[in-house]
Structure formats: structure tokens, C-alpha cells
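A short write-up of the structure that comes next.
Naming follows writing order (A, B, C, D and E), and every chain is counted from residue 1.
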Amino acid sequence: MYNLNWFSQIGLQHYLLLSSALFICGMAGVLLRKNAIVILMSIELMLNAVNISFVAFSHYQSKLEGQIMVFFVMTIAAAEAAVGLAIMVSIFKRFREVNIRFFERLKG
Amino acid sequence: MPQLIPATINSGLPLAGVLFLATFVLLFGSFLLFLASKLGTRKYDPVKYQSYECGIPAQEKKDTKISVKFYLTAILFIVFDIEIIFMYPWARTFKEFIDSGNGLYILASMGFFLFVFIFGLFWEVKSKALEWD
Amino acid sequence: MISDAILFWILAFLSLSAGLTVVMIANPIYSALALVMTMVSVAGLFVTLGAYFLAGVQLIVYAGAVMVLFVMVLMLFDLKNEVYAFTQGLLTNVVKLGCLGLLAGLLAGTLVLSSYQSQEIQDKVVAAADQTKALGQLLFTQYLFGFEVLGILLLIVAIGAVALSRSRGGTHHV
Amino acid sequence: MNHPLLIAVLILAPLIGFLINGLRYQKNSANLSGILATSAAVLSFFVSVILVSEIFSLPQESRKIVVQFFEWIHVDSFRVNFGFLLDPLNSIMILIITGVGSLIHLFSIGYMSHDHGAAKYFAYLNLFLFNMLILVLADNLLVMFVGWEGVGLCSYLLIGFWFKDSQKAAAGMKAFVTNRVGDAAFLLGIFILFLTFGTVQFSDLVAMAPSVAEVSWWGPITLGTLFLFVGATGKSAQIPLYVWLPDAMAGPTPVSALIHAATMVTAGVYMIIRLNPLFLAAPNTMAVIAVIGVLTAVVAACIGLLQNDIKKILAYSTVSQLGYMFLACGVGAFGAALFHLMTHAFFKALMFLGSGSVIHAMHEEQDVRKMGGLKKYLPITHATFFIGWLAIIGMPPFAGFFSKDEILGMSFQSPYGNAAFWALGVFGAILTAFYMTRLMALTFWGKARFSDKLHPHESPWTMTLPLCVLAFLSAVGGWIGIPHVIGELLPGHPENFLEKFLEHSILPILDLPKAMPTMEYLLMGTSVLLAALSAYFAYTMYLLKPEWPKKLADKFRPLHELVSNKFYVDEIYESSLIQPLIQLSKNIWLYVDVNLIDKTTYVVSDLTKGCGGFVRILQNGNAQTYATYISIGIVLILSILLMR
Amino acid sequence: MGKDVFEVTINCIKLIVVFLMMVQAVPILVWLERRGSAFIQNRFGPNRVGPLGLVQLLADAVKFLFKEEFFPENGTKFLYYAAPVVALVPATLAYCAIPLGHPLQYGEYLFRLQGFDVNVGIVYVLGVSGLAAYAILLAGFGSGNKYSLLGALRASAQIISYELALGLSIVGIILLYGTFNLNEMVAMQQGPLSFSFRGHEILVSWLPNWGIFYQPLGFVLFFASIFAESNRLPFDLAEGEAELVAGFHVEYGGFKMLLFFIGEYGHMMVGSGLLATFYMGGYGIPYITNQALWQTFMDWTQDGQLAHILVSAATFAMFSFKLALCLWFFVQVRWTLPRFRYDQLMDLGWKTMLPWALFNVIATALFIFVAHG
């Protein structure tokens, strides 16, 4: 079904596959990693993966809305990272701990 | 050829060139480092390999107290950086908007954004978040 | 275009391997650096898709700002000696992995069987050179509200970050 | 001039005042709050003067300013604009509201100077002005209803202003609940009219009103107007819903003057005048209105005879005067109703403010039996009150004379009226003259009956100035509606200005018999003479022969008991309506709520608890577990989407 | 096919040449710096090896190569070695985007005197040079030394702080030219100063049409920011000897140190190149449009091709001259001004330059609005 042509003709599908793969990577990080900061980074990874598919759709359908969306996603991602890290820093300064399981104890 | 060719032919971003150059520079640097490590003399001395301190043996634990200001600066940088990035497409299309008669509109839309920006900056200054003692 | 394909595969390889490294490697500093690598490769991918301005923004915002913050924070925490990178618990991990596998399978299956493979670029409405201009015009007309709201969001982030950095953190002691 | 802007300023100025004072409600500097609120009201007044002069400058046929601000509701064919309409009819209203309102604001500065909630008080007062303006300016029933509810709310808030006194809070609630009954009927009326005509726009309703009167009692117009009238009885304190108004005197006195005498209570009258072609098309409703009006006028006046609280007397007097207005509406003399509304606003606001001045001077004493001889201590208050007294008992040439006699004359002459209405009206006027004279006699004249420690003093200028202005208006306010018969005698032959002004807003009575001057003189003379006699009788009774009242009371013991207990209306309501309702509610609570609904919900809650105990394991506080749930959800949704 | 291969080869060679030009400029700069400082301080400076001591640097480089390899025992090996190599990349990539001369058309081949022509030039340069912070952070962390870490933190905090003012002053530039492309910017700065104001054409024939005359405040801000960006005095807080010994490269010696040097001077060159491109007409020769220049050469040589080559050569020389001027200014400032304190530095960046840059943006936008409207 797939021949060499599949490797030399890059289309939307390739980008979407790559995007999904990166997304799964990021999700694995979120689900499995112990370090809360790495989890934040994995979220960034997922957002990046999504951005790829946005831009790919925008390119292959000749609509710029996808790029606008990426613009917004980047802003949100940066905002999330900024606040997330600020929280992380204040927790770390207090408890010297970034393990996500530790955060279970921060209730009430 | 009676005319000089124009200076600009928009060619996008020659990604291959960038990749090539980056690879080349990395290889170049590594090669030089490798060369230096092979050519340099090597005489072992335990003191020499210790961390640079003021004559006192380095302590194992590095629980250096680092001011929270550094993070804060970085976070505020992110925020303002994005706001500045948002101004680039605005600046790029400013003249087009003016020419199409929407100058006041584009000025006002950025005016509000800038107001928020300036308000944020003013707030940061006022709340002494930017004070380095 | 064979050269485009080569570029894509190089960048795909770079981004995927770096992305895997982010997740797999135990030392969070290396994770962060690998993530920088991913970001840069993604910027490259944007270029292959003709989104030049976004590629630049990706570099400036992600690689130049967000990841610098991550690296800074990690360096200050100095968490070199992390023995287990992953959370413990066999059952939950199996569930999580199963979930991931299913999702991956679903996505891959859908995409491979979809009709996207032979899709050609539709008529180019916007020439590459004018893309940034068009982007700006779209952003400041149709998406102006979102733009202004993001401005306010960023203001809130700035204020929140300052407030968080001031907080003494919790009332109970460990 | 820019009409939308002017109307917006007119309406929004009090709202802005409300917002400012409302936000600084904890501040207790009465002066600043008062100045803020008063300037808002005065601004409104100036704008309304400008607007009314605009109206005047228009040609007589097209004296109308319509402003549509935005489309408020748009459901299928049902469209309501948030629109306002200004015509001669409500231009008089806005002048009264903002003018008298400004004076009362000014008065309040002095009156509330020692109160801690002054900012809150002025905020409410401004909010009331705002809502009242919406009510009178509305160009459709729904917007009017917004104002209608708004003034009800403000009335509630202001009656219960000193809510720490539970009795006063209860008075507020009573007013609110009674008004709700009326409002429900009002809404029903709107619904019926909308079903009938498919619109709530005044201009459309008026245009669509049939020219042939509806005979049936169950016709849509009769029913709709009847319901609207029930709403009006609630707002305007008519039988059977008048009981709240006397209790409403619990609020600060300026509030009683503004809301419960001059403006809000006249909203019902205004509404009927506004929709006069519709009411004219329903003669049955007209009859009901006239009967209710005249009955209220007499009954309230009767009750007023034996009240001892100065404000209660004035309250019953208000109810009675409102009855006259409804009588006028009922006999089709809408212009007379509006005329009386205006003059009543002047002299009743004056009397309430005067009583406020008295109460202020007497250190919150309201019982007329403990006053007396205040003429000496409060000269300005007495002088102004005296003018108000002359106006209300209908002495020429004071304002009340013209308006009241126009009503009485019309009730006799109009095809809707008859001699009985006239006779009852005159009887009411006699009673009015009696109790008002009693009030004057007990309060201002005679010997002082209060303790020597009390040193009443005249109020500051902020309080006396409004009194003087209102006294002036009470004296001359009636001259804009001088009837033809008198006008012909006077030099220069002044016309009935008001009638001319309202010519195009109010439908004329169709087959009004040609008035005979002798007849009119006779009617006028009779009522004035009887009122004067009654006043003299009261003067004698309470000042010259103070033992008479007691004798009379002993002689007519049962009647006296009945009247001084306000005909036991409150008690009848209590036993016939309120207690059964409470019992019913209690039973429903016990059998339906506790035994049926609660028991069922307990079962459900136990089930939920059981399930929750199980599900609690899932929510373990671990962020990653939650993320896993999310991803499981994604997988499920994705699979479902793909399976389809 | 043959043409493609030829072009690719030419381009690769060109990129390498541009890179090497940048690298070889470093010894000259170091020499310039040392001689210059000597003159300022009334000394001689290096003057023994070769004429005027020019060969001194070659000797230094060779000496660096033969220095002992050294690794601090607390450090992280990979990061420690990666840092100096990484330091080279951003500067190089950014420098390659700057147009160095007028493009040369030779027959059917177009030869750009520029590493690569990027249509979003400014954004690209900013993005790439933003990566410079990593080299510093890696060095600081990889060395396993408190001074290094603190120096790296300070340096990166300083870089990012001034990047804001830098970015904002560039907004003014974009507003002015309405493009991201550096070549277009240069093209717009040809000839004498002329612009239209509400439909009136205004010509100031005694000034060149340079950005500096439209954006004087932006110029000052940009200039100050690139000083901070390249960690030069008076902004070299990262290596304040009294506090931090030598900043993030305490533990570096020999050739690794030299690589950092190349990176730092590379940044200076990028900054100077951008300054020249934005505000001083780039490779353009003042007062003369390139077309007129070509015409002059054409009249002189009667050979279109030769005239082309001459135009490119002349513009390249012009650019080099402007670059050298800016770089000399860097040196001059370094030995003239004292160092800031760290709080002063941050105050200057956030509370002085950022507001002024904002003011510059608003003023520029309003001016353009008025001038166009």
C-alpha cells in the first residue's frame, strides 16, 4: 500500500501523524512522570503537537485561522507555564519537593 | 541589462541553509574542542580539578540561596515578551490599515492593548516586584 | 519535492526523538534541553509549512522565553539525583499505558485510513510573502476580541505571578 | 437638541447618583450624600424643563418625542423596544416627579442629617426617581412594568429603611406583598392585552382601541383593563388593596411625601390616563373604577376622622384623594384626574413635608394629641401648612379647589357619572375638610400639650425652602386649569390651559352635555359652602369646645369604635385571607414537603452517599490519576466517534 | 540539475565563508579592543608580534589550542562541554541573516551577499539570538560552581530584561518600514531624507534617508539594549570580578573560553549589523540610491556586468565600514564607562528603557497615523 512515494510525497497526513506521535509522547509524560515540572513540560509538548496540526491544516486548507489559533495557544501555553512554575517555585521553596504525588497532601 | 536587479526577492526561509549552518557550526566547535583536548598537555592534580573557590575547599552541598527575583523576572519577561510579539503583526499591518481608512480603528485596538500593557507595567513597578535591593 | 521530504523527515526525526527524550530521561534538566530541541524542530516544521512568522514566534516565545524559565527553575532546584523518573504503582501504570496505547492506535489508525494522504494543497489564497500581513489583518479584525482578552489574560498572569512569589506558602508544616 | 441624549441624561442622572451613593453606602456624611443626590435630581429637573419646553415648541398635533434605545426582547413576532415616549401627558408627570422630587431631596438633607444611613437613603431615593422616570416615560407596557416593579422595590426599601425596628420592616413587607398582588393582576392585564392586540406598545394599543364600546363583562378589553385596574389599586392604594399605605408611614417622612403622596401612588392613575382610549372602550371597567374610587374616597376619609398619628391622617387623606382621581377616571374626566394628580402632588407633598418638619421639631413625636400650639414655634411651617390646608379642603382660589371641583362637576355632568357620585364626592369633601381642620387645630392651634422640656424650633432653610416653594405651587398651581365659567369672569379671560395642552393626548367624552354656567356655579358653591361649614364645625369642636368630641364618641360608641379601628379591614384580611393561607402553607409543608418530598430525597441522598463512598476512591487527589480519567474519556469519545 | 547542484554548493560555501568571516573577525576585534584600550589608557598594548602586533592573536589562538584540558569535578560533563559549542550557534545563525551587500546577478545566477534572505528577517534574528541564553545557563550549571551559576542567572536575567526594550524598539522599526525583511529595509533607506507628510513631499537633501533620523529614541534604546544583550560593559554584571570572579565562565579555560569569546563578539557583530541595517542604511551608500550608483559605474565602465560587481563590492565595503564603526564604538564605550550595579541595571531596563520604548512605539504610531492620514 505504501511505497517510496509515501516517503517522498509529504502531505497533511504526515504532519498529523507526527503531531499525534508528539501528543502521545507528551501525554505519556503527563501520565507517568513523577516530577511536576517535567509534567508541565510535557503539557507544553502536547500543546506544541497540537500547534503542528493547526499549522498543517492551515497550510493545506489555505486558511489562516489555524495560525491565529496557534498564536493564541502559544500565549495560553506561556501563561500556563508562567503561573504553573510560579506555583511550583513557591511550593518548592516551602517544602523542597516537586514530586507530583506530594501534591496530594496539599489539601484544605 | 539596463536595470539593477531589485534587492529583495522574497524567498521564505531557507531552512536547509539554516540546518546546514547550524550543523556545521556545531561540528566546527566540537572539532576544535576535540583538537584542543588532544593537543593540550595533561597533568593530574586533585586540587586543580576542584571547583573554583576562594582558596577554601568547595562544599559538597550547594544549597545556594537564590533570590526569587530571578524567576519573577523571567516570568514577567515572558508576559511582556508575548505582548511585544503581538505588536509585530500590528506594526507590520499598521500602514495597510491606515491606507484602507481604518487607521483610527487599528490605533484604538492597539491603544487598549497598550493600556493594559502599561497598566501591568505600572502595577509591577508600584507593587515593587521589580525592585532589586 | 524530494528536498522538502528530506527536510521533513529530518525535522520529524529530531522532534520525535527529542520529544521522547523529554519523557524518558530521568534528569529533568536534560528533559528541558530536549524540549528546547523539540521546540526548535517544531519551529522548523512550521517553516516547512510556510508559517514563517509563527516559526519566529515559536522561537522567541517558547525557546527564548518559556524554556529559559524552565531551565532556570530546574537549575535552581538542582534535582540531579532523581532515581525513578516515573511514578510507582504497577496497576495504575498499566492502565495509563493501555490508555496511551489505545489512543495512539486510534489516532494512527484513523489517520492512516483517512483520505488526507492524497490531499493536495488547495488553491493558495495567500502568497507566502503576504502571509504575515494577512495574519495581522485577520488578527486585528476578526479576532480582535480574542487579542484584547489575551492582553488582559497576560496582565492577570503577571499579577498572579507576583502574588504567588510573595506568598509564604500554606499554613501547615511538614 | 438631541432628544435621545436628553432623555438618557434625564433618566440616567438619578441612576448615576444612585451608583455613587450606593457605592459609598457606608459613609454617613449626610450633607455630601444629600448634595450628590440632590444635584442629580436637580439635573434631571433641568433636563425635563428643557424637554418640556421642546414639547411646547412643537406644533400642537405632533407634540411627541419618541426615542428607541435598543431592541430589548425579540421573540418571533413579539418585539419590545427599550423605548421612551414623551408627550404632554407625561411631560406634566416628569415635571412633578423631578421638580417635587428635587425639593424633597433638598428637604431630606436637613431631615436625615442625624441619620447614619444617609448615603443609603439618598441612594434609594435616587433609584426611586430613576424607576419612576422609566415608569412614566415608557412607551410600552413592559418597560412601564420595569419601572412599576422598580418603584415598588424602592418603596419597600424606603418603608423598611429603619429595618432594625421589626414593626417598620413588617410595614415594608406588607407594602411589598400587597403590591405583588396588584402586580400579578397588572401582568395578567398585560398578557390579555397582548393576546388581544398582539402588541404592548402604547401608541399601537391606543390606535387599535375600538371605537365601539364593549358591552360584555367578559370581553378581552374589559377583562384586560379590569386587571390593569386591579394592578392600579395595588400601586395606588384603592379598595381593597389600600391597607399598605397607612402602614407605609413607617418610612422617613420625606419618603412618604415623595413616594406615598406625590408620585408612586399616582402611577396607577397615570397608567389609566395613559391608556384612556382602551378604558373608554370598556364602560363596565369605567363604572367599576368610578365606584371603587368614590367608595375609597369616602371610606378613607371616614377612617381619617379619628386617627391620631399625624402621618396616618395624611396617609388616609392621600388614599381618599387618590379615590377622587379614580373617580375622575371612572367618569371619563381623565384631564381632571391628571389635574388633581398634579395639585395633589403639590399640596400633599407640602403637608407631608410640613408634618416632617413638625415631627423633626417634636423629636419624633407623631401623635397629634401631644402637640398643639405649634404655630408660635414653627411660623414658616404653620404658614405653609395653612396654605396646604386651604388647598386640600378646596377653598378658592387655591389649587385644590379647581381640580376637585372639576372632578365633582364632571362626575355630575358626564354621561358616565350621576348624582350619587357627586353626592358621595361632596360628602368626602366634607369629611376631608373636617379631618384636615382637626389636624390643623390639634397640631398648630390651641394650647401646647407637650411637656415643657421640649423646645420645638423651626427647621433649617433646606427644609423650609421646599415648603415655601410647594406652598406657592399649592396656592397658584390650580390656575392653569381654570374652568371656563370662572375664566369668563376674570380679567383677560384666562383659558383652561391644561385642557388645551392635553387636547391630543386624551380622548374627549363623546356626548358631554353642554355645561350650563348656573349649574356649575351651583355645584361649586354647594361643595365649597359645605366644606367651609364642616371646617368651621371641626374648628369649633376641637378648639372652642374641646369636650364635644368625647361626648359625640360616647353617643355613637359602636360607630366610633368601628371607624377608629379602620372598619376592621386589617383584621378581616388577617382572618379571612392570611390565616387560612398560613394554615394551608403549614399543611402543605408538613404533608407534602416533609413527608413526601423530603423522604423521597432522603432515599436518593442515601443512595448517593453509598455511591459516593465508592467513587471517593477514584478521587484520590492525585493529579495524574485525574489526567488518566481524562484520557480514558478521550479514548472513549474518540472510539464512539469513530464507530459511528 | 546542474544549476541546482551548483547553486547548492555555492550557497554552502557562502555560508561557511560568512561564518568564517565572523570567526576571523574575532581576533581582529580582540586586537582592536586591546590596542584601543591601551590607547585610551595611555599604554602600548600588544605590539611585538608582527606589524602593530596584529599577529599576536594568531599566536594566542595557537596557545589556546595547546592549553591543558580541564574539567571541574562537580560539573556535569555533557553540559560543560556543550555550552561553548552551543554559544557559537545563535550568533552565527543570526549574523547570516544580515545583508552584507547588494545582491549580485551574474549571468543567470543570483548571488546574495548574505547568508540567507529571510522574509521574516527581524523575527528570525530575534528568535535565534534568544537562544543565546542557553549557552550561558548551560555553562553556569554545567560548571558546578556557585559563581558560575549566579553569573549565569544574572547574565540570563539581564539578557531577557533588555530583550524587552530591544523588542519594543524594533516595533518602532517595523512601524516605520512596514516590513520584516532586512533587505527591504535597506532598500527603503536609499537616497536623501524624504518622506511625505499629509500629502506633502518633504525632502531634506543634506541628510541621508536613514532610520536614525526617524527613530532617534529607538536608536538610543536599541543601542543600549544590544550592549546589554552582548553582556558588554557597562552591562557586564555577569562577570563582575568583585562579586562573581568571572561569571558563568569561571571554570572555562583554553579553547573553550575562546569559543565563548567568539560567541560574545559574534553577538556584538550581530548587534552592530542590525544597528547598521535598521538605522544607518545597511549596506547602502549614503545619499545615493543603488540604482544611481550602478548608473555611475555603468557610465564609467560601459559594462553592465562589471558595474554590477562594482556595486556589490562598494556596498559590501560600505557595510563593513559601518560595522567597524559600530564595533569601535563598543570598544570605546567599554573603556569609558563604569559598570552598573545590578539593581541599577534592572531599574534601567525595566523602569527607564521599557517605558521609553513604549513611548517610542506610541509616538511613532501616532506620527505615522498623522503623516498618512
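Definition applied: contacts are C-beta pairs under 8 Å (C-beta built on N, C-alpha and C of every residue); 3 or more make two chains touch, one makes a residue touch a chain.
These numbers were taken from a predicted model, which means no experiment stands behind them.
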Touching chain C and also chain D, the following chains: A
Shared interface partners, meaning chains that touch chain B and chain E: C
Pair sharing more residue contacts (C-beta pairs) when A-D is set against C-E: C-E
Farthest-lying chain, centroid of Cα atoms versus that of chain C: D
Furthest chain, CA centroid comparison against chain A: D
Separation of chain C from chain E, taking each centre as the mean of its C-alpha atoms, in whole Å: 30
Separation of chain A from chain B, taking each centre as the mean of its C-alpha atoms, in whole Å: 21
Chain B and chain C: spacing of chain centres that average the CA atoms, whole Å: 18
Length of the line joining the C-alpha centres of chain A and chain C, rounded to whole Å: 4
Shared interface positions of chain E, touching two or more other chains: 118-120, 123-124, 149, 153, 156, 160, 163, 180
Overlap residues in chain C, where contacts from two or more other chains coincide: 48, 50, 52-53, 55, 57-58, 60-61, 64-66, 68-69, 72-73, 76, 87, 96, 99-100, 103, 107, 128-129, 132, 135, 139, 150, 154, 157, 161, 165
Touching two or more other chains - residues of chain A: 27, 31-32, 74-75, 78-79, 81-82, 85-86, 89, 93, 100-101
Every chain pair in contact, whichever chains are involved: A-B, A-C, A-D, B-C, B-E, C-D, C-E
Complex contacts: residues of chain C adjacent to chain A: 2, 4-5, 8-9, 12, 15-16, 19-20, 22-23, 28, 31-32, 35, 38-39, 42, 45-46, 48-51, 53-54, 57-58, 61-62, 65-66, 69-70, 73-74, 77, 79, 82, 84-87, 93, 96-97, 99-100, 103-104, 107-108, 111-112, 114, 116-126, 131, 134-135, 138-139, 143, 146, 150, 153-154, 157, 160-161, 164-165, 167-170, 174
Chain A - residues contacting chain D, complex: 27, 30-32, 39, 100-101, 103-105, 107
Interface residues, chain B side, partner chain C - complex: 10, 12-13, 15-16, 18-19, 62, 66, 68, 70-72, 74-83, 85-86, 88-90, 92-93, 96-97, 106, 109, 112-113, 116-117, 119-120, 123-124, 127, 129
Residue numbers on chain A that touch chain C, as the complex places them: 6-18, 20-29, 31-35, 37-38, 40-42, 44-45, 48-49, 51-52, 55-56, 58-65, 67-68, 70-72, 74-79, 81-83, 85-95, 98, 100-101, 106
Residue ranges of chain C touching chain E (in the complex, touch as defined): 29, 33, 36, 40, 43, 52-53, 55-60, 63-65, 68, 71-72, 75-76, 80, 128-129, 132
